[in-house]
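Letters A, B, C, D, E, F, G and H name the chains as they come in the text, with residue numbers starting at 1 for each one.
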Amino acid sequence: MAEPDPVTAYADLDLGRAARRGYPEAIYCEGKSVEQVAGIAAALRAHPEVTTLFTRASAEHAQAIQLELPDAAYDVTARLLAWPPQLPKPSGGLVVVVAAGTSDQPVAREAQLTAAYLGRSTELIMDVGVAGLHRILARLDLLREARVIVVAAGMDGALPSVVAGLVSAPVVALPTSVGYGAAFGGIAALLTMLNSCSPGVSVVNIDNGYGAGHLAAQIAAP
Amino acid sequence: MAEPDPVTAYADLDLGRAARRGYPEAIYCEGKSVEQVAGIAAALRAHPEVTTLFTRASAEHAQAIQLELPDAAYDVTARLLAWPPQLPKPSGGLVVVVAAGTSDQPVAREAQLTAAYLGRSTELIMDVGVAGLHRILARLDLLREARVIVVAAGMDGALPSVVAGLVSAPVVALPTSVGYGAAFGGIAALLTMLNSCSPGVSVVNIDNGYGAGHLAAQIAAP
Amino acid sequence: MAEPDPVTAYADLDLGRAARRGYPEAIYCEGKSVEQVAGIAAALRAHPEVTTLFTRASAEHAQAIQLELPDAAYDVTARLLAWPPQLPKPSGGLVVVVAAGTSDQPVAREAQLTAAYLGRSTELIMDVGVAGLHRILARLDLLREARVIVVAAGMDGALPSVVAGLVSAPVVALPTSVGYGAAFGGIAALLTMLNSCSPGVSVVNIDNGYGAGHLAAQIAAP
Amino acid sequence: MAEPDPVTAYADLDLGRAARRGYPEAIYCEGKSVEQVAGIAAALRAHPEVTTLFTRASAEHAQAIQLELPDAAYDVTARLLAWPPQLPKPSGGLVVVVAAGTSDQPVAREAQLTAAYLGRSTELIMDVGVAGLHRILARLDLLREARVIVVAAGMDGALPSVVAGLVSAPVVALPTSVGYGAAFGGIAALLTMLNSCSPGVSVVNIDNGYGAGHLAAQIAAP
Amino acid sequence: MAEPDPVTAYADLDLGRAARRGYPEAIYCEGKSVEQVAGIAAALRAHPEVTTLFTRASAEHAQAIQLELPDAAYDVTARLLAWPPQLPKPSGGLVVVVAAGTSDQPVAREAQLTAAYLGRSTELIMDVGVAGLHRILARLDLLREARVIVVAAGMDGALPSVVAGLVSAPVVALPTSVGYGAAFGGIAALLTMLNSCSPGVSVVNIDNGYGAGHLAAQIAAP
Amino acid sequence: MAEPDPVTAYADLDLGRAARRGYPEAIYCEGKSVEQVAGIAAALRAHPEVTTLFTRASAEHAQAIQLELPDAAYDVTARLLAWPPQLPKPSGGLVVVVAAGTSDQPVAREAQLTAAYLGRSTELIMDVGVAGLHRILARLDLLREARVIVVAAGMDGALPSVVAGLVSAPVVALPTSVGYGAAFGGIAALLTMLNSCSPGVSVVNIDNGYGAGHLAAQIAAP
Amino acid sequence: MAEPDPVTAYADLDLGRAARRGYPEAIYCEGKSVEQVAGIAAALRAHPEVTTLFTRASAEHAQAIQLELPDAAYDVTARLLAWPPQLPKPSGGLVVVVAAGTSDQPVAREAQLTAAYLGRSTELIMDVGVAGLHRILARLDLLREARVIVVAAGMDGALPSVVAGLVSAPVVALPTSVGYGAAFGGIAALLTMLNSCSPGVSVVNIDNGYGAGHLAAQIAAP
Amino acid sequence: MAEPDPVTAYADLDLGRAARRGYPEAIYCEGKSVEQVAGIAAALRAHPEVTTLFTRASAEHAQAIQLELPDAAYDVTARLLAWPPQLPKPSGGLVVVVAAGTSDQPVAREAQLTAAYLGRSTELIMDVGVAGLHRILARLDLLREARVIVVAAGMDGALPSVVAGLVSAPVVALPTSVGYGAAFGGIAALLTMLNSCSPGVSVVNIDNGYGAGHLAAQIAAP
C-alpha cells in the first residue's frame, strides 16, 4: 500500500463537539498507530479555533504530533499534548487536585492540566496519604476553598473518604494503578472509593486523569 | 439483659455534620437492628434543627422510627424517611434524574428525594432506555436545563454514555442491580459506566441512590 | 436409623490443643447440625478443665448446647457461647477493638469476647468511621495504650489504615460484610486492608471476629 | 533433532470441512510456531480447491506462509492471510461492519475480510461511537440495508445496544480489548453486550473478528 | 397514597417498536411490581394489533395480567405470557432449539415460544448432552434442516461447540444457570461458549431464552 | 394441561451407559422438578438390571422416588438414593475417603457411597484437618493401604497437599463449600487444591462427592 | 558477595522422596535463578540412583544444568530435562495423552514425557478437537486400550467431556492457556472441565503437564 | 524543563514518623522514577538520625541511591537498601521467617531484613513446604522459640495453616506470587491463608515482605 489511508478512513472528527458540549475535543492516543495520530493532527491544523487535547501520548505519538503541529504543548509526566498551546483565561470555581503518593503524580497532573485547559484555575497537593493524617489536615484551608476536589490514590484508595468527610465540596475519586499484589492494578482502590462511607464521592476509571479533570471542570463551571 | 443498650453503646451521632459539611445527617438502616434504629430516632427527637434521612429502611424500621418520630415522612418506593418532614425551599441549579427502565424506579426516586431534601429542585424522567433512542431524544430540552443529571440504569448500563454525549452538564452514573445472569447484580452496568466513552461521567456504588442524590445536590449547590 | 451417631463418627475433639498451643478449643457451629453440636457439648461435659468456645452459634445451636451445658454463657450479638462461663483473670497487654460503624458491632464483639476468654483485658470503641475523623482522633489516648488493636470495618474498609498511622502497636484488620453493591460482601474492605498504605496492618477473613480476637490475644500475650 | 516434525505430528488438517460445513478452513496462528505454520502452508499447497484463511498471523508467520504460498494475500491491519487470494463472487445478503472507534479498526477489518472471503458483500463504517450519536444516526440508511450487522466496540461497549434498537436485522456484537483500567481487556464491553437491553444482539469472544465475520456470513447466506 | 400511579409514571410503552423493528413488544416482568405489570397490561388492552410477550412472569404476575387480559396465553414452564394468544402463521426458515439436559427445559422452551410468536416454525430436541454423543448424532437430519439452531446448556456448556461442528447453520449458544459449585450460576457455560473452537457460534446472556429466541427469529426471517 | 408430560418429553435415559462405560446410570435431581424425577423413576422400574443412583435428592425428591421404587435405599446425609438397593460385591483396590472437618461429612459420604455402589471397598476417615497434624499422621497405615484417596476439605483446602505428600497413591481432591467470607463457597479450597505443591493431586468440582467417588472407583478398578 | 550461596541456603533436596513415595524428584525451574538451578544440579550429581526431572526449564536453565550434568536429556518443546537420561522399562497400564489442538503440544508432551519417566508406556494423539468430531471418533480403539487418558485442551476445553463419555477409563483433564480474550489464560477451559457433565473427569492446574503426567503414572501403576 | 523538580514537588517526607510511631521511614521505589528516588535520597542525607529503608528498588534505583548515599547497604535478592547501613542492636522477641520453597526466597529475605532493621533478632528457614512434612517437623524447636513467625508461601499457600497448628506464637502469613495458572499471581495462596483452619494466622498483601517484617517487628517488640 503506497499511500497512507486518508483520515476519513479511520476517524470521524467531532469538531462540532466544542460547540455542542462547550468543551474541547480530545484524541485518546493509546491504541492508535503513530500514522493515525499524525493524520488526525494534520487534519486539525485547519481548525485552530478548537483546542484539542491528545491524551496518553507516547514519546512517538508526541513526536509525530509536533511534526504536524510544532507549537503543541507537551507535558511528559501527564503524557498530554494541547494545541493550540495557550491555556484559556480561568473562569468558574477552583479545582483542587490531591495525590496520595508520589507515584500518583502522572495521573494527578493529567487531571490538573485537563481542568486547566477546560478553563478552570487549579491547585495540586502532593503526597498526603492517610498513613500520616497530619499532612492532609495541614491543607484544610486550601481544600475548603475548592468548588470540587479530585483525589487520586492507589493501593488502599482511602484518601477520598477522608477528604470528603472534611469538606462540603463534591469529591471526584480517581483510582490509580499504583500498588502490587492484591491492588490488582487499581481495582482495590476503585472498590474502596465506590464504597466510600462519606457521601459526596463519585468515581472515574482507573488512571483516568483526563476524565477526572474534565468532570471537575464541568462541576466547577461558572 | 433486662435493659436495652443506650444509644451511645453502638452509635456516635454526628450532629455536628450539618454544621461542618452543610448537609443533613443520614442513618443507613440496613444492617442495623430495629432496636438500634429506634434508639437513634429517639435520640434525634431533641434535635429538630437538623434534618435527618433514614435510608434503606424496611417496613419494620419505618414503623419503629414513626413510633419515635410520628410525623416523619416515609416514601415506600425509595425506602426513605425524613424528619422533620418538610422539604427545604429549593436553591441552586436543577437536578434531573433519569431512569432507563421501570425497574430502576426505586433507586431513581431515592436519588431524587435525597437531592430535594438537600435543597435542590428536581425532575424525574422514567423509562427512556437506549433500546428506543427516540424516547431520550424527546426529552433533550429538559436535560439541557439541568445543572447536573443523575442517570440510573441496570443491565447494559449504556444510557449515561448516551446522555453525557448530548449535554454539557456533568452526569452522575448510578448503576442498578436490575438484570440477571451476566448482569452480576449491577457489575456489568457499573463497568459500562466506568468505561464511558463520553467524558463527563462519574459513577457511584450499585443501587446507591442516596449517594447519587447527595452528590448531585453538592454539584448543583448555589 | 434409631440411634444417633456417636460423636466419634463425625468429630475428633482436639482436647490436647489447650496443652499444646496454650489456648482454648473452639467449635465452629455453622455447617454442623444441631445434633452434632449437642453431641460435642455432651462429650465436653467431662472436661471442665478446658475452656471451650462455640462460635457462630444460631439460637437453635445455643439452645441445644445449654441443654447439655446449662451454665454456658451465651452472647446473642456475638453468637458465641463459652463453657465453663467464667472469664480468666486477664494477663498480658491491652487489646482494643475498634468498630467503624454500628453494623460492625456483632463481629467486633465476637473479637472482644474471644480475646477476653483467652485471657486479655479488652476495650471496645464503637462507630468511629473515617467520614468523621474527629471521632477516632478523640480516642487517641486509649488507642496508644493498646498492645494490639483490632479494627473492624465494612464498606470502604479505610479505618485500619488511618488507625495504624496513628499508633505504634500492630493492627489486626477485620473486614466485615457490611455494605452493598460493590462492597461484594466484604471483598472491597478486605482488599483495602490488604493494600493498606500504613505498615503494621495484617488481615483476617471477612467477619472472622473469632480469628481476630484469638490473634490479638496471642500478640498481647505476656 | 536434524529433521523437522512432519505436519501430521502436530496437525490433523480438516480438509473435508469446506465440504461438510460449506465454509473455508482457517488456521489460527497465535500459539503455533513459525515452523508449524509453514508446515501447514506447505501441506495446503496441494489443495487450491479449498480457500484457507490464516488468522492472527504475526509478521514472522506471514513471511513463512508467503514463502510456501507466494501469492497468498496478507492484510497487515487484520493480521489475516488468504490463499488462494481471490475473493469469491458475493452472494446472499449484505454484511455491514461498524466500528465504534479508530482503535477498533484491526478487529473490524478482520471481521469484514472474513465475511468477504466467505462470499458476502460487505461495508465498513468507522468511528461512530455513542459519545456523538449524530454520527451513527447519519448512517441509518446503510444500516437498514444490511441482512446482519457486526458492531465492534471496546471501552463501554454501548454501541451494539444502540444499533440494535434502530434496525430489524440481527446484530453480532464484537467486544474489543480497546480501553484501560476497568475495561479489563474487553470484559467490560463483553458484559455490556451480553446484557444489551435491545433484543437481537448476540456476542462473540473479545477481539474475535474472525468469528464475528464467519457468523455474519452464515446469517447472511443465500 | 390513595391512588395508584398512572402507567405513564413508570413506563413509556414503545408501541411503535413493532412498526419500527418489525417484532412484537416485550415486557420483562422480573423487578417490576405486580401493580406495575397490571397497569401495563391494562394499557395494552387497547392495542390488540400488537402482539405483546410478558417474560419472566411469576405466578402473581401472570394472575394480574390475566385479570386484565383474560385470554392471554401462559406457559408455566417458560414463565411467558402472550397476548393476543394466537401464534402467527410461520414464515422464514426453521428454528431448532436443542437442550443439553432436562434441567435446561424452561429456558429452552422460552426460546422456542419466543421464536414461534415472532413467526417461525420451531422444533425442540431435549436431553442430548455430550456425555452420550450418540444422542445428538441421532438427530443430525433435523439439525441440518435448520436455518438457525439455539443450543441451551449449563454445567460445562460444551454442546454448542459440538453442534456447530456438525452443521452449516449459525448456532445461538444459550448458557443456563444449571449446575453448582464452579458452574458459578452459568458463568462456566458462558465462557465455554464464548471460546468455542467451532466457528459459527455466538452467545446470549445466561438464561436469556427470550433473547435467543428473538435472535433466532431474526436470523431465520424470510 | 391435564396430563403430565411423558418422560420422553424431557429426558433421554441413557440405559446403554452401563454397558458402554461399565458403570451405573445417575440422575442428578437438583434442578429437576419432583414430577420429572418421579417420571424417570417410574420409567426405570422396568430396568432392575441397571443400578441407578439419584444424587442431590431433596426430601421431596426422595419421597417421590420411593413412591415409584419403594425399596430404593436413601442416605439422608449424602442425599443419595440407590435402586436396586443392594451394594455390589467389592472388587478392585481400596478407596479411602478423608474429610477435613465435621461439616464436610455430607460430601464425603456421597463420595464413599458412590464408590461403594460402583463396586469398591471403602473406608471413611473424619475430622483430621491440618490444624492438628497428629490426627492425620495417626491414620498413615490405613492411608497407605489405599489404591486411591479422596480428600474432602473446605476453608483453606490444605489437607490434600499434606496427604499426597505422605503416600504413593493418587489423590482426588474434593473441595467443599464449607467456610465463609473469602472462602467464596469453596473457591478458595478449589484453588488451593489446583495449586497443590505435592504431585499426584487432581480436583473435581466443589461439593461434587458423586464425581469424586465415581472417579475413585474408576481408578481403583480391578 | 564473592561466593555463591551453598545449595542448603535455598533448597532442602528431598532425596528420600523416591523411597517414600516411589516416584522421582522434580525441580520446578521457573522462579528459580540460573545459579540456584545449577547449584541443585551439581548437588544431584552424587545421586544417580534417583531420576530427577527439571520442569519448566528455560534455555538458560537447560544450559546451566547440562554444564553440571552433561548427559541430561532435554526436550525443548516440553521444556523438560531428565537425569539420568534413560527411560525406565515400562510397567503398569497404558497412558494415552490427547491434545485438542496443535498449540496444546508443549503441555501434552510434558505430560507424556513425565509419565514415561515415571515408568509407563505412553501414546500421544494430536489435534482432535470437538470442532471436527470425526477425528476423535477415529481414535476410539486406542482410547479404549488406555488405563488412563490425559486430555489437554485450551479455548472451550470441551474435549475431556466428550472423551470421558466414550470410555470407561478415568480422564485427567489438563487445561491449557491456549486462547485469547475470554479464555482468560486457561480459566475458561479449567471451568469447563470442572463442570464436565461426564463423570470420570478430574482436573489439574492450567498448563500443568508435569502434574497430569505424574498423576496418570500413579493411576496406571501396576 | 532544564531543572529537575525540587523534592517538595512530589514528596512530603514524613521524618516525624520514627518519633511518632517508633519505626524507621520507608520509601517504596516501584512506580517512582529514578530521579524522584535520587531526590529523596539526597534530601535524607541531612537526617542520619533516622534509618530509612528503600524497598522494591531496581538496579537503577539502587545505583542512583548509592550515588547520593554511598554507604547505603543493598541486598540484591530482597531489592532493599538501608541507610545508614548499620543494623540496630536487637531487642524484643525472636522473629522466625519460614519460606515454603526456594522461589519464595526474595520475599522472605525482605521480611527478615526489615525485621532486623527494625531491631529484632531473626532466623530464616528455607524450603520446607508441606509436600514433605518431615522438613518442617524437623525445625519445631526453633519455631517454638519464636515470639512471632512469618511464613512465606506461593502456590497452594498451605504452610501457614500447618505451622500455626504446631505453635502458640502468632503467624504472619505472607503469600507470594510464585506459581502459575490458577495460582493467579498469588491469589490462590492469599485465599488459602485467609481461610486458614488454624487460628492465629493473619495475612499481608502478596509479595509484601516489607509489611510482614514490619508487623513481625511490632509484634515482637519489647
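In this text, a residue touches a chain if its C-beta (ideal position, glycine included) is under 8 Å from a C-beta of that chain, and two chains touch if they have at least 3 such contacts.
Predicted model, so just to flag it, every value in this text is computed and none were measured.
Visitor: Going by the touch criterion stated earlier, list every chain that contacts chain A and also contacts chain G.
Guide: The shared contacts of chain A and chain G, listed by label, come to D, H.
Visitor: Spell out the chains that contact chain A while also contacting chain D.
Guide: B
Visitor: Counting C-beta pairs in contact, which chain pair has more, A-C or G-H?
Guide: Ranking A-C and G-H by C-beta contacts puts A-C first.
Visitor: Compared with chain B, which chain's mean CA position is the farthest off?
Guide: G
Visitor: Just curious, how far off is chain G from chain D if you go by their C-alpha centres, in Å?
Guide: One centre to the other, that is 34 Å.
Visitor: What's the distance between the Cα centroids of chain E and chain H, rounded to whole Å?
Guide: So the centre of chain E lies 56 Å away from the centre of chain H.
Visitor: Between chain F and chain G, what's the gap in Å when you average each chain's C-alpha atoms?
Guide: Between these chains, centre-to-centre, one finds 27 Å.
Visitor: Give me the residues of chain A that touch two or more other chains.
Guide: Touching at least two other chains: 131-132, 165, 181-183, 187, 190, 194-195, 199, 205.
Visitor: Show me, using the given definition of touch, all chain pairs that touch one another.
Guide: A-B, A-C, A-D, A-H, B-C, B-D, B-E, C-F, C-H, D-E, D-G, E-F, E-G, F-G, F-H, G-H
Visitor: In the complex of these two chains, what residues of chain G are touching chain D?
Guide: 102-103, 105, 126-128, 131-132, 134-135, 154, 178, 180-183
Visitor: Please name which positions on chain A make contact with chain B in the complex.
Guide: Result: residues 21-23, 26, 148, 165, 167-170, 172, 190, 194-195, 199-205, 210-212, 214-215, 218-219, 221 of chain A touch chain B.
Visitor: Going by the contact rule set out above, which residues of chain G touch chain H in the complex?
Guide: Residue positions touching the partner: 9-12, 14, 16-17, 28, 30-32, 36, 56, 175, 177, 185-187, 190, 205-208.
Visitor: Using the touch rule from the top, collect the residues of chain E that touch chain G in their complex.
Guide: 100-101, 129-133, 155-158, 161-162, 164-166, 179, 181-184, 187-189, 191-199
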